[in-house]
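First chain A sits with chain B, and in the next complex the same chain sits with chain C.
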Partner chain A sequence: MSVVSSTNAKAAGPTRLGGVLVYLRTMALFVLAWYAGSLLVPSKLLLPSPLAVAAALRDTALNGELFGNALISLARLSASMLAAVVIAVPLGLLMGRSRLWNDLLELPVEMLRPIAGIAWIPLALYLFGIGHRLPLFIMFYTAFFPLLVGTAAGAAAVDRRLIAAARTMGLSRSTIMRRVIVPAALPAILVSARLAVAASWTAVVAAELVGAPNGLGYAIEYYRSMLSTPTVMAFIVTIGLLGFLTDKGLRQLSRVLTPWAQTGAAQ
Partner chain B sequence: MSTPKIRLDAVSKFFGGSVVAVEKLSLDIRDGEFLAIVGPSGCGKTTVLNMLAGLEPATSGTMMLNGKPIEGPGAERGVMFQDYALFPWRTVRGNVEFGLVYGPAGQGLSPAERTERVERTIEMVGLTGSQEKYPHQLSGGMRQRVALARLMANEPEILLMDEPLAALDAQTRVILQDELLRIWGQDRPAPERRTVVFITHAIDEAVFLADRVAVLSSHPGRLKQIVDINLPRPRGDATRRSGEFARLCQSIWELIREEAYRATMN
Partner chain C sequence: MKRVALRLLVPVLLLVGWQLLASGSVQAPRPSTVLEAAIAMVRTGDLLSGLATSLGRVFAGFAIAACLAVPLGIAMGSMPTVERNLDPLVETFRPIAALAILPLVILWLGSGSGAAVAIVAYAAFFPILINAIAGVKRIEPSLMRAALTMGLTPLTRMRVVLLPAALPSILVGMRIGLGIAWTAIIAAELAVGAKSGSSGGIGQMMFVFYAYSIDLNGMVVCMIAVGIVAFTLDRALRWALAITVPWSRI
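Moving on to the complex of A and B:
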């Protein structure tokens, strides 16, 4: 046992380090290209140099603006994600397993799903005004459909032999739902949660741009109107970084929740 | 014998209108009997088992359990599936204890008794030490033993088993055959035994275990013959070496030989 794990650790060491090196090299190349580009583009307003952006990052980080706005956006994202999970996952399970629920919900879902969340902004402005509720609503809407559809597909695809096995052990329908369908569909649910969070991040900016008095999207719009492109870029970089980190967190979460589904997964 | 435990009367099963998997099968399974079913691949053995389990309806004919029609699955009929159907998100222990924790099989057991039975069953199939492993971390033979343990832990009244020992090495197979006879109740008087329906490809295994061997023919699946196995019980290594044992194996082999050739040639 210990022999196996220590050889594994040895094998994993260099590859993980190698991965970091590749990553750093890619980033370095990207920043270099960016720097060269910024020298060629004459207007600092169009393309500021990476150094200017780094300085803006430092300044906004030091005066608390960066963390304050990031925290607000993160909190909104978490709250709307939570609401979407609480509503979309049970509905998706019902849709995936019951003909009746599927027939009932399929049409409205398929009609609403293609409409981008941000298309509701004008209407939502009337309904909610400017504040927390508008971005919350838009982000909830954006996260809802990937979760619903992914959960329904996952629940519908559960291996019927597993359900048969549970039935021969005398389990009730509701127990089979909780003890067979839900765990069997969990990998699919987690994948759709990642898609939902990624979609929500893209909606953050648009929703906060118009509908909120704070948050990362608001900050971008504010500094755009102040013609401070480096600061705008600093906030954009922050969103990218947060999106990357939340996805990494979710991947880690699925590794912990579904260790049995991780074999051969090249992620 | 009074009323049979299970009665199949002219049971047929068609798939998609044209494929005849089972045709007009009539068979009584007695209470406490160990019945083996043999027959060439594709002759409808699994289909029969699924119908007995209540997982699939018959296309025509009647199936009775204790005099009542079989309308669906029930915990009194435990099934071991040919492809195991283990829960991939549960460890070995999680699979074995599943029916006891979430089904009626565990009612009336204290948590300590439950744990004791689960551990004992895992030990019986030789998987002690692998309790925390997931199915994907096991070999084929180990998975089969988990499936066997999952069925055994529930101690159902009727055991429906689809090639339960097929993936095992010869030694393990012999050990588990003896163990299976013990669980069935070979040492107890006939009325206290469970009822077993046991599908196998191995003729010697069928003869060693069963009271009767039902030989199926293929295309369509029909009952060719039922062979009584009157070897004395309890059976053991002496049984395997006896001349009568060899003679029975030979006569069953002759029954299915032409079927087997026919099925292979097709």
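Moving on to the complex of A and C:
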């Protein structure tokens, strides 16, 4: 998994400005090709021009619809992530450090984990109906397993010599957990939190698309049924941008929280 | 013996609790009724044909993604100019979830297999690409220099040095991509089924159970089937990884 998360660490530093210029050049070419394509495709419904999408972006931003729906989706993401962290991280630490807990929980986790959160949507529709609880449940479920498994792996991989040293110094078990195991496992926990947020952000779109009365996924589906393709694209751009920014933020957070682990995690 | 009992404790408790909780309501699925439904669905062949439709779409989309992502990833990994110029596009589109573009894809390709395959291809593309790039970049420079010193042609270098060294990482990307593809197909079929008519597949089947026949037992059977397929796909690729690239320890 770390393969995926570590590759896009860009070579920051002296070439930063050059990187921005290359980025702008590539994206300008892309937008130009898109514009040319939109001129060739006669239907504005199928492929609106980038200008139309920009206008839709401006309109939805001005009337507050963009921010309103984005805030709702982000609030759902935060709430379900918080719940997942509060439950999965302690359980993961227990599973990683205690054979008893691992024996108790490993089998049910391995049985439930392959069932994608998205596959729960129909059952959740029946249980919760359309509303807040459905996307919250789906996102919580999606975030829970990467966090649990990542935390357990991180806690199990803590250097034994560290724990032995702490024991020799007569620290209590709870102090060892707090001062040795949690800090040592923190980089792994943060990496799995990033994976969990990314998965959860994918699930919010699916959950809102089918079963919520608001949010970004709902807005996309609503404007599709209104056949307003530029607005659909504007919301898609928003989803991508927010996903990118959340990941950036979490990467920054792990840089601040675990500066000692950056050589390994950021390649 | 005691460990086996410990391991089975929670699953058994969960099943018993589920059976007890659900026995209050007539409609709620219970382990016993789910088992009955599963047997019935396997007998009629509905479950297997639904799974086969979905798996066919996953493999088609996955094949498209792999054919595009592996060569592109090798090119981006071995030629810095290509990487520098294409990386902005990759970084821009990667955070856009496959499901977010689903409405657009339905608009372009309709609500049949084409749309489902396209979603799968998009979902599987990025993990394969990113891991292929990483795999090529992590090749020992001394290996490449040795190949150069021996005067190998670029094609032979690719075949003898680059591909074997990057293969483990490419296969890891494929494993991740296939897992994501399987999730994406369920969501795509669910959403397509929710909005329009018939497209088949296990996701659509679940939606029909929810919306039309309100058969919760069948729905749970589908969920379990989805989990079993995901598990099997993952194990199959791990196994393929262990066989084809025994020299890697990823």
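Simple rule for what comes next: the second predicted complex is superposed on the first by the 248 of 267 C-alpha atoms of A that agree within 3 Å, B and C clash if a C-alpha of one lies under 4 Å from a C-alpha of the other, contacts with A are read in each partner's own complex, and residues count from 1 in each chain.
Please note the rule applied: a residue touches a chain if its C-beta (ideal position, glycine included) is under 8 Å from a C-beta of that chain, and two chains touch if they have at least 3 such contacts.
Everything numeric in this text was worked out from a predicted model, so none of it was measured.
Enquirer: Identify the partner contact of A:186: answer first if only chain B is touched, second if only chain C is, both if each is, neither if none is.
Expert: first
Enquirer: After superposition on the shared chain, which partner residues are touched by A:202: those of chain B (first), chain C (second), both, or neither?
Expert: In the superposition, A:202 touches chain C alone.
Enquirer: What is the contact status of A:51 with respect to chain B (first) and chain C (second): first, second, both, or neither?
Expert: After superposition on chain A, A:51 lies in contact with neither partner.
Enquirer: Just to be sure I read the superposition right, which of the two partners does A:233 touch: chain B = first, chain C = second, or both, or neither?
Expert: second
Enquirer: Check the residue A:41 against both partner chains and state whether it touches chain B (first), chain C (second), both, or neither.
Expert: neither
Enquirer: Who contacts more of chain A, chain B or chain C?
Expert: C
Enquirer: Check whether A:75 is in contact with chain B, with chain C, with both or with neither, and answer first, second, both or neither.
Expert: Touch partners of A:75: none, neither chain B nor chain C.
Enquirer: So, does A:125 touch the first partner chain B, the second partner chain C, both, or neither?
Expert: It touches chain C, and chain B stays clear.
Enquirer: Identify the residues of chain A that lie in both the chain B contact region and the chain C contact region.
Expert: The overlap between the chain B and chain C interfaces on chain A is empty, containing no residue.
Enquirer: Which of the residues in chain C come into contact with chain A in the complex?
Expert: Residues 3, 6-11, 14, 84-89, 91-104, 106-108, 127, 130-131, 133-134, 137, 169, 172-173, 176, 182-183, 186-187, 190-191, 194-195, 203, 206-207, 209-210, 214, 216, 219-220, 222-224, 226-228, 230-231, 234, 250.
Enquirer: Within their complex, state which residues of chain A touch chain B.
Expert: Per the stated touch rule, the residues are 159, 161-162, 164-171, 175, 179-180, 183-184, 186, 258-261, 263.
Enquirer: Tell me, which parts of chain A touch chain C in their complex?
Expert: Residues 1, 3-4, 6-8, 19, 22-23, 25-27, 30, 45-46, 100, 103-108, 111-112, 114-116, 118-123, 125-126, 201-202, 205-206, 209-210, 217, 220-221, 224-225, 229, 232-233, 235-237, 239-241, 243-244, 247 of chain A touch chain C in their complex.
Enquirer: Hey, which residues of chain B end up touching chain A in the complex?
Expert: So the residues of chain B touching chain A come out as 53-55, 72-75, 77-79, 81, 83, 85, 87-90, 98-99, 102-105, 134-136, 154.
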